[in-house]
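Letters A, B, C and D mark the chains in the order given here, with residues in each chain numbered from 1 onward.
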Amino acid sequence: MFEAIAFYLFAALTIVMFTITVMTSQALYAITAMAAGMIFISAFFFILGADFLGAIQIIVYTGAVMALYAFGMMFFDTTRDVVEKRTNPQIVFVLGVLAAIMVVAIFVAPVVSNNIQALYPIQENIGNSQAVGMVLFTKYLVPFELAAVMLLVAMIGGIVLAGKKMDKSLTLMNEEDILSMDDGFEPQEGGH
Amino acid sequence: MELYLYIALFAPLVGSLYASLFSRSPKSQHVGIVASGLLFTSFVSSAILLSYVMGGHTVHTEMMTWIAAGDLYIPFGFVVDQVSVVMMMVVTIVSTVVHVYSIGYMDHDKGFNRFFAWLSAFVFSMMVLVMSDNFAGLFIGWEGVGLCSWGLIGFWYHKESATWAANEAFIMNRIADLGMLIGIFLIYWNTGSLQYDVVFAEVGNLQIVVVTWIGIFLFIGAMGKSAQFPLHTWLADAMEGPTPVSALIHAATMVTAGVYLVVRANPIYDLIPNVGIFIASLGAFVALFAASMALVNRDMKRIIAYSTLSQLGYMFVAAGLGAYWVALFHLMAHAFFKALLFLGAGNVMHAMHDELDPFKMGGLRKVMKGTFIMMTLASVALAGIYPFAGFFSKDLILEVGFVEHHYVIYTVLLVTAGLTAFYSFRLVALIFHGEERYKLFGIHPHEAYKFMLVAMSPLLVLAMIAGAFKMTYFQLVMNLLPATQYHIHSQTTFWIMTIGTQLFVIAAILFAYKKYANSGVSVPDGTSKMENSFVYKLLWNQYYIPKIYDEVFSKPYAELSRIAWKQIDLKIVDATVDAIANGIYKTGENTRHIQNGNLSSMLRWMVVGLVVLMTLAVAFSVGYNVVGA
Amino acid sequence: MEITLTHYLVLSSILFAIGLIGVMRRKNLLMLFFATEILLNATNVAFAAISHYIGDLSGQMFAFFIIAVAASEVAIGLGLLIVWYKRTGKIDLDQMNSMRG
Amino acid sequence: MIDHILTLLIFFPALAAMLGFVVANNSMRAYGIAVAFIEFALSLWLWYAYDPMVSGMQFMESAPLIAAFGINYLLGVDGISLFIIILSTFFTLIGIASLTETRRIKNLIITLLFLEMTMVGVFAALDAIVFYVFWELSLVPMLYIIGAWGGPLRIYASVKFFLYTFTGSLIMLVGMLFMAYFYYQATGQWSFSILEWYRLILPENFQLWLFAAFFFGFAIKVPMFPFHTWLPYAHGQAPTIGSVILAAILLKMGTYAFVRFSLPLFPDASVFFMFPIAIIAIIMIIYTAMVAYAQEDIKQVVAYSSVSHMGVIILGTFALNVEGVSGSVFLMLAHGVVSGALFLLVGVIYDRRHTKLMSEFGGLASVMPRYATIFGIMMMASVGLPLTINFVGEFLSLLGFYKQSHMLTLTAGVAIIVGAIYMLAAYKKMFFGTVTNDANRHLKDVNRTELIGLIPLVIVAIWLGVYPKPVLEPINNSVESVIQLMHDKAQSAEAKARIPDLSGKNGITTMQEAH
């Protein structure tokens, strides 16, 4: 009973939050609603017994991702909002709903027909974090390391991209402009 | 003897090649002399072979393999037997005469050397046709004479009418050749060989329906070459060629190839008397049909051409009724007097500066005595007056018809004999008698070269005395052909018929003289009552058959071809291909708008794709489960 | 009233639909990023739920990696966004059409 | 060296073409002639060394390419392919020797030599993949020749040529892959060797599908109605040399492939599809002959006449007896010689007047007598006059098919009539009559360069018409073994009945034994 109440409560909350995120025209509202939604999502994880995932969700999303967005937003003039042309909103909704139904169908089908075998069954006697850790560092070790590298690359990438001199594009500039840039792209003397 | 065979066969080819060496150079007398000399050699060899064959032997050689594939084996094999040697004699005699004559006739022509190249090539092809020992070899000659006929009819290629006639002749012959080819296929698949001896030995074992088809298809081939109805129109148009060509090809030799084929294939036709009756009936019809057209025609050469056609009809009657030796005999006799007639007409044409309308001539006997005598005698022979060649051969055909109880055919042929006499002497009368109408047109006729007349004389002699050889000939060919003697049993009937026929023919001749030899004849201007009658118009327009062919075949074919190209090929077949290509191209062109660079719409398309893919996944898995269950 | 897997999956697909609508509807690049986050979270919920109901940890693993990917994506994505904004002063999707075919 | 003569024949021109890049422009012609001549001499040597009494493959070479999938570099010739190879080298020589093109002659000759490599490769390959590679490669030089030296519509024509034939060959490739897969299923081994495939007896429904797949590739190449429309464009726009090679050799790839693949691999399907294909062939014969008659452009007349003659070849091929198939193989050579010569002849007049419209000409016989003579001889050969090369093939093809169907052969025989109609009409328009167009009054007759190309063709056309035995005999022997193989493999009663059994005859070895 408690579980049901919790589920419906959080479900309603997340749906509302995300709807606000998608629909509002204020960037600030959107980001706030989304941060809230993320936290509510973590509640599901806790209900489902995936404690570790729930923790990660809160830390990564609300801690890191939302912070990044918040910093990112500071770069932009959020007050000058983008004019959103509403072309055929019906199509958008129809497509969204259709896609959702299909996703449900695809997910439900194997579950309903009991076609799924548990590869790594959850052991009852140990905690979730421990179990996750055991699987993660045995079976999923390589993906885990790759994910680590990916994060590193992403971090470096983010730094480099947001760094200086990136406000010029070589592809969008014509040749004279490239040649006349202050540094870095000096033509070789005597080359002509 | 094989040596003589090869000399007889290849001498004309050598002559042709020799002449073609000089075909680009201006006229050189030696070309004509060499070609004629070689033909004379060929004639002498044929004569030697004739004497050899008369001794009861035949010559049969195989030169080399031609086509060998699967079970099919076709050699270049040649046979000189009683039938082919007769044909060889006819061909070499007439062609030698025509060659010598042509030296004079083509004297002023630019294409003198070329003419001899073609003419000798023709003789070679004709010899191959005659001497071959198998159907495929016959077909080589068959097509070869067709080719040479094309080249010679269209010899004056700058004339539109000549080249048109040449093409018409070639194509009409091709239609018939298809029949012939099918006949050959039938023979091969049923007897396993194309050699005459094998085929004729085997043909008796075949089902009669197969033999009938073979006979029909071979005869279709013969119809084309011998210009039988309905493939007859080319022969009259072929008169566009030089006159010696008409004499050699379109009177004496090539057009009789069809008769030769039927005679040669007599073991086949003996088995199928029904086809024989058809051949005879068609022959009788053509005899009358052609003679009727000759009655009103005003073109000297065409009149003689129709007469040829009519005589070919006679030959087919004889061949169809199983009297093969009679057909061959008439073929021989006809070759002599008809070639003579044509050559005489050539003299007249020369004298009249290529004027062909006999109504514009008249009274020429004063200036062209020699020609006058020759043409008159040739016409007498054609009319079948005793004791000229025509009497012996033509009367015999009438007797055959009578003896075989085909009285309708007999009557038709009798009437035709009268018509023949009439139109022949109408021509003679118009040309040589009466007023000198040519003076109105400012023409100064002159007699041909002496040597041309001398060259013609052997034909004159043969036309007069060929009948005397009848029994010798009969003894010769009975070795190979059914030796049926056609005698009317009652002596009285025989005399009544013979004398009656003679009187009838003489009456026709006198009527022709009375009507056309007087001084009142003038150039018809289309106003007289006779010229406006329906029958005259029908005959004058050749029963409208050329016109019908033009309207029913030529024009629709051209139109259909144009439609096939412009409408079907370009607008349907090619357009379909292009439409497929264009469809693909247009799809790309249209869907290019999706790539308008607007990320938002791209995202939408992405979702559409996602939905489609997921739908497919669900649909297939559902379908799979349903089927699987 | 038992909460079954189906409930979670329905919730997940509702969230997913919201995300998709956002993706399609938004012209503001930043908002687009938000929408993608929603999409990712929707699948995460589904993964965790399935993992729970089947009794298999693989679902959680996937969710875990998805979070990692999402984090990287945000880092790089934001970096690019900033570059773009610096260069053009706009973050309007409709004006990013240099890929026009 | 004789053991590797096929490799030599294939790659010598390619190597020579590579070297050709460093040859000076003005000596390129001599270089090209020399290379083509050596190649031709090599092919004659091949003929000399070839044993005409052996019906199977000779001079076989094998080297593994992709061993895991049974793809080998496998070459060999029999009587069927031998003469087409000689024809390819012969026409490359003739084409280069009589070349009148002056623009970028170096590139042209290099392209021609590459083309020669692909042509010889197609006819010598006994591995399906090698065959396919050469088959597709041959498109590239031809595309370049049409596209670079062609007429005003050359881009359209060359792209159409390329895409059309390419589409067809892709379907063929699918067929080949499936065939190899089927072989794998049956034997547990991969093989693309045609000789290995010959041993396989396929179920009839598989045969039908595979036959259809191969058919598309071949039919477009031949080209068979209704896939023929690329041909008039390609011929119309191609330079003379392109048309000559296209008509003489490239079209033969399709018909050759029918004999090499379709017949022995799918005997039952061949019998099944015999009448539909015969009807298509008859449509090709009559319909395209009519279309040819309507043409205004002499080159298009020759182009459509090609399609018409290819119809006879197809008919002979599907006669499925020794007479017909031998005849059709012989007719491939004959048509190569005759249509090649006709295209060269059209090129002669085009070089002088820069137009191909027949209405522009008339009375040429008096201006260019030698030209008219050679044209006349070739026209008569094309019409199929006895004692010319075409007659032998046409006669045998029709004779062979007559065994299968009387009525269809009678209809197909109309070829000899309609063929005469369009050819004579075209000849009359061009050569007869009086010279009406002043531009024609002082045209020069054929010159020495052109005669170098034309005279050998005239000689061949008459020589093989009079004495076809040296060529026909090896063809016949090899065809007999193909037919015997087909008979042995045939399953349905109808196929057994329609394909003759030659095992009673002496000296016939099946392909399997020979291999």
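Structure notes:
Basically, contacts are C-beta pairs under 8 Å (C-beta built on N, C-alpha and C of every residue); 3 or more make two chains touch, one makes a residue touch a chain.
This structure is a prediction, so every number in the text was calculated from the model and none was measured.
More contacting C-beta pairs link the chains of B-D than the other of the two pairs B-C and B-D.
For the pair chain B and chain C, the distance between mean C-alpha positions equals 92 Å.
Chain geometry summary: the mean Cα position of chain B and that of chain D are 36 Å apart.
With each centre defined as the average position of its C-alpha atoms, the distance from chain C to chain D rounds to 62 Å. Centroid to centroid, with C-alpha atoms defining each point, chain A and chain C lie 5 Å apart. For chain D, no residue reaches two or more other chains under the stated contact definition.
Within chain B, residues 604, 607 each touch two or more of the remaining chains. Touching of two or more other chains is recorded for residues 20, 24, 26-27, 93-94, 98 of chain C. Pairwise chain contacts present here: A-B, A-C, B-C, B-D [touch as defined].
Here chain A touches chain C in the complex through residues 1, 3-4, 7, 11, 14-15, 18-19, 21-22, 27, 30-31, 34, 37-38, 41, 44-45, 48-50, 52-53, 56-57, 60-61, 64-65, 68-69, 72-73, 75-76, 78, 81-86, 89, 92-93, 95-97, 99-101, 103-104, 107-108, 111, 116, 118-122, 131-132, 135-136, 139-140, 143, 147, 150-151, 153-155, 157-162, 166-169, 172, going by the rule given at the top. Residues 592, 594-600, 603-604, 607 of chain B are the ones that touch chain C when the two sit in their complex.
Taken together, the chain B residues at the contact with chain A in this complex read 604, 607-608, 610-611, 614-615, 617-618, 621, 625.
Residue ranges on chain C touching chain B, taken from their complex, read 20, 23-24, 26-27, 93-94, 96-101. The touching residues of chain D, counted against chain B in their complex, run 160, 163-164, 225-230, 287, 290-291, 293-295, 321-323, 326-327, 330, 363, 365-366, 369-370, 373, 380, 385-387, 391-392, 395-396, 398-400, 402-403, 406, 409-410, 413-414, 416-417, 420-421, 424-425, 428, 431-434, 466-469, 472-473, 475-476, 479-480.
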